[in-house]
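Before anything else, here is the set of structures, which you'll find just below.
Both of the next two complexes hold chain A, though its partner changes from chain B to chain C.
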Partner chain A sequence: MKRSKFWILMLLPTFALVFFVNLYPLARGGVISFQRLTVFNLNNPRFVGWDNYRAILNDPAFPRLLWNTLVWIACSVAFQFLFGLILALLLAKPFFGRGLYMGLVFYPWALSGFAIGLLWSWLLNGQFGIVNDVLIRLGLIRTPIGFLSDERFAMFSVILVNVWYGIPFFAIMLLAAIQSIPGELYEAAQIDGAGFFRKLFSVTLPYIRPTIYSTVLLRIIWVMNFPDIIYGMTRGGPAGATNILSVQMINIVYYRNNFGLASALGMIITAILTIFAVIYLTLLERGEFEL
Partner chain B sequence: MKRKRAIGILRAIGLGIFLVVAVFPLLWIFLTSIKPATEVYTFPVKYFPSKATFEAYRYLFSFARFNMYFKNSFVVATVSAGLSTFFSLMAGYVLTRERFKLRTFLILVLFFVQMLPTYLIMIPQFTMFSRLKLTNTLTSVIIIYSGFGSAFGTIMARAFLKNLPRTIEEAALIDGCNRLQVLFRVVIPLLLPGVGSIFSFCFVNSWNEVFTAVLFLHTDSKMTVPVALYSFVSKAGIQWNVMAAGIVVALLPTIVVFSLAQKYIVEGLTQGAIKA
Partner chain C sequence: MKRWILVLIVLLSVLVFSEQVTLRMIQVFTSPLRTKVLEDIISKFEAQNPGVKIELISPPYETAYQKIYLMVSAEEPLDIVEVGDWSLSALASMGKLLSLEPYLAKSELTKHLVPGVLEAARTYKGTAYLLPNAIYVKTLFYRPDVISKYGITPPARTMDELLEHCRNLTKPEVGQYGFDFRGKGYPTAFIDLVMTSFFDDIDPNCMYLKKDGKLIFEDPRALEGIKFYIELFKTAPKDSINWGFDEQVNAFASGITPYLFQDPDTVGLLNEIMKEGTYKTAPLPIGRGGKAYPTIGFAGWGITSYSKHKDLAWKFLEFFNSPEVNAYWCREYGALPVDMRVYEIDPYFKSETFYGWTAMFEDKEHYQFTKYPLDNEAWSEWNELHETTMQQVLLGKMKPEDALKTWAEFWKKAGLGRK
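Let's turn to the complex of A and B:
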């Protein structure tokens, strides 16, 4: 067999699948966003121009949706990074049982976000939740808090769970980067009399900066597109307090069965995603990160 | 010396806090799942069941038909992970070893696809598959998960293949193996940890996917575990000990996979697999 034919055959299954399952549907979604299409007229959609987009953008709840998405991304990623970094630093030096320990703290990474949302909705339950129970026993609160039912606490609660869920990812990535720092750098810093914080800010952080940039950027993209936890906990409620763009799109599909409208929102999300993706891929191609 | 010791203690406290915070939620949901229904709804909370019981699990696997959902999930996750691993090793091999014009473009396409979440393209997928009369079949979600899996599997495969010295393959070629034999008899056996890592990664992602599955699979006999949990939420009268048992069943397989393949998954993650 000719060599070039062989390559094409090897590439074909993956790229045929990627085309039919991912790229073509993405383009089809663009077409559907200009149609009136519901579960009931799947086979005869009607072209409606920009109507769906207008309906999305003119929705009085839309600015709040954007704001919620921004808060969700910023707080989640910031605290995931902070705690992930602390955990990575704690794990940087070997100790007895480190392998087992890492297995025990990293396991949330592999879990279903949706199931984790359900799990925490029980822990944070406003009537029978263990978190309320502990806070009362410690004397920090008098009466149980409606973590998920009270508009003032709902966003805080879903972000808290997302932070819990995302710590392992940052810890794994940052730990790998920290372990690749040559030991001589620390020795030199030691000789210069540098303390813990001095070493952290003058050696560790500058050295792992490329990893920090790439993981934070990826995480922003990923968290924006991560409705699973919110869907397990509040489905965007109460009264839209935890509704973000992705959750809203799924609600439109499941509850209103309006595929055209949902696709228009999907296209808006795709546009935002593409901007981040282009930044990421450009930096990747320029070799700014090592991947 | 004193200072060093103080730092050691602080470090142990820090590690202890992270451990408790990570493990406690899972422990608590397990405790809830083995409580009798009457002890679930108490406040102040009753921490331990007066008598551990598996009634919630019995209910799940008999009345709520979780044996079927579990089997469906298992078939979907295993088949799609198997296909993805196979396809991505082939594609990854070519994209690492051969240089051609479209190579960089194809790699960037894979990275882009990896950033697409499942829910974002589920509508056009649904209209496509309904034209093929394939909605509400396990085949449909297997195909969809294999698409996502092949894309990020290929990126992982490339990361592993880059570290494999070419000299071994060249020796095999000189010995008269053809390229397919080189891949399956030489490269893949050397790459077994990587293969395991790709498979586990794809398995976990397929096992956990919920939004496409809820849209596609609506008859009882076709549901996967996440779809069953989803329908639990909207059903009135589901007791929390049963719900907790369902959550444990949904989480357990991925915990097992993670503990078996932790080292390789972590390696795959840090070597350039971005979906995390």
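Let's turn to the complex of A and C:
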């Protein structure tokens, strides 16, 4: 009896922490999403039922927002993964100066997303941007490209930056997994006459599969909830070309000062991610993969 | 041991009985330059008032309004709050700002205020909830060195001239353009300055209404205005659809776009990065309606209704608005002073840099000041809608007529122009 009480006591701090920084804000956001809460009535919010949700779902721009979010996630995560894997494979074998090289290629991960957004928005600036300058001097283009002001390029540009930013994460995680593969497996494959690609697809990838699944899931959730880069570069513009759900949520708070509406959008994002995570995990379990 | 206890008791009693009062003050438009000037003024005030300490809170500008709204609504300790024309109604409607009327009634300051400032402060329900310390009016900035290269002197006096100059200046192959366009981050005022210049009957109390009480967006002249604005955009780099304040200043300082509409706080910034005489100001170009309709923006300090040191806070507000301090503030930060005496004691505000403004203030026939419907709850939502729809029009994805229809519907729903 005494022991079980002690057990509860020990769990209490952790639970309190999770409750106050996680569960309570979530529940509060849920409540606010059913209220009309703007700066004009911060002290006397009133319940408006599903009005906020209806306003978001009926917005003619909503399908575009969803599509943009999907493109943003799919392209970002796919290329981050691909380049991250290549980088991890390159770094798996020791070579001279590897430590320094790793430090250099991993450093974007240590920067703040918003700072990266601002930095790249100047690099890609259609008028003063160094990227345009280099391209013109190389003779590849004649007039500067409006990377962030031309609708055709804006989404490509923000994804490019996000890929640049996210490669190190995959590289770090995959590299750790690759280094845990026992050397005997490669020796055995070598004896069986396997080449580079055979080894990659029959030894390396199957072995690190659990890491791949969990990191991809994590990344999808993070990238969906990662407005920093887009907000720093375009705020979702021009004319909504790069607007995704999480950026729209910030725009609602900062432009419209409508906290109820923003919370409703937040709840919608949470719902989408929950549904996605459940499906993803169920599929994985059916496939009998271990996570 | 006993001696130590005694020392401790003495120390504690000194701490308890010394009348150290701390005022907490929060600013909105934080920048390194501005914070330095503010701290300077605060230390002068502290030197004059022993025992008083002012703690300045400087949140980053992007999040400042949110932070203030939340702090004030939760009655977190704050005595002096920066209130801008755009946040006045929100803060005042929360009921957390102190009415300054009793103080103003007793103060000498009101006698010397520039006409219109007190009225502006009383935007919300006729009560002053702040004491403005600077006013902001947009004027035309231009680069004499750049435009003279293309044979242009003097600067544009009408909107048509402006467009003609900008078209002549625009030579993309050498990186030369005309108009310093604003596409992102509250472009509302820029669109409106151009559009309303096609009118001659704007309501002095509301930018979006005509004197007959109808919305400007339903008038054929608005269509003319928006089409003109699109033409101006063509003389700016295409990239400018994604330009905010920083990019505008950058393009102006580098000479790419020598014509810019901006507020006086740009002066402080330009003086830091440009050589004297490389930029000048002129009155806003007059439109086909024969007029221009600038608005008076203002910012100042308010006192929270729950402050424990209201009188002391007011003392600081008065100190801040005293002519010498106000002159220093407006000069360093770049703003138009609210006290008429400042224009007398400091010749700087009569210098050439301020020609654009003084000329506009004197010419009452062509320059008629009007107001934004800032006390309307829909105002903040309007800025988002205005920006996105305007971008769509500029990109050719929406017809100007449809944008005007959207805008008219928006404001009708918000209660404007229903007559």
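Things to note:
Just so it is clear, the second predicted complex is superposed on the first by the 259 of 291 C-alpha atoms of A that agree within 3 Å, B and C clash if a C-alpha of one lies under 4 Å from a C-alpha of the other, contacts with A are read in each partner's own complex, and residues count from 1 in each chain.
Definition applied: a residue touches a chain if its C-beta (ideal position, glycine included) is under 8 Å from a C-beta of that chain, and two chains touch if they have at least 3 such contacts.
Remember, predicted model here, so these are calculated numbers, not experimental data.
The superposition on chain A brings chain B into a clash with chain C. Of the two partner chains placed by superposition, only chain C is touched by A:251; chain B is not. By the touch criterion stated above, A:42 is placed in contact with chain B and with chain C alike.
Once the two complexes are overlaid on the shared chain, A:185 sits clear of chain B and of chain C alike.
By the touch criterion defined above, A:240 reaches chain C but does not reach chain B. Taking chain A as the reference, the larger set of touched residues comes from B, when chain B and chain C are compared.
After overlaying the two complexes on the shared chain, residue contacts for A:144 are found with chain B and with chain C alike. Shared-chain residue A:135: touches no atom of chain B or chain C. In the superposed pair of complexes, A:127 makes contact with chain B and with chain C alike. In the superposition on chain A, contact of A:66 is made with neither chain B nor chain C.
Comparing the two interfaces of chain A, the one with chain B and the one with chain C have residues 42, 127-128, 144, 253-254 in common. Chain A makes touch with chain C in their complex at residues 38-43, 125-128, 143-144, 146, 148-151, 234-235, 237-240, 251, 253-258.
Residues 62, 65-66, 69-70, 73, 89-91, 93-95, 172, 175, 183-185, 237-242, 247, 250-251, 254, 256, 377, 380-381, 383-384, 387-388, 391-392, 394-395, 397 of chain C are the ones touching chain A in the complex. Within the complex, the chain B residues that touch chain A are 7, 11, 14-15, 18-19, 21-23, 25-26, 28-29, 32, 40-45, 86-88, 90-91, 93-95, 98, 100, 104, 106, 108-113, 115-117, 119-128, 130, 143-144, 146-148, 150-151, 153-154, 159, 178-180, 204, 207-208, 210-211, 214-215, 226, 229-230, 233, 240, 243-244, 247, 250-251, 254-255, 257-259, 262, 265-266, 269-270, 272, 274-276. Residue ranges of chain A in contact with chain B, taken from their complex: 1, 3, 6-7, 10-11, 13-15, 17-18, 20-26, 28-29, 32, 37, 42, 86-87, 90-91, 101-115, 118-120, 122-123, 127-130, 132-133, 136-137, 144, 164, 167-169, 172-173, 176, 196, 218, 221-222, 225-228, 231, 246, 249-250, 253-254, 259, 262-263, 266, 269-270, 273, 276-277, 280-281, 284-285, 291.
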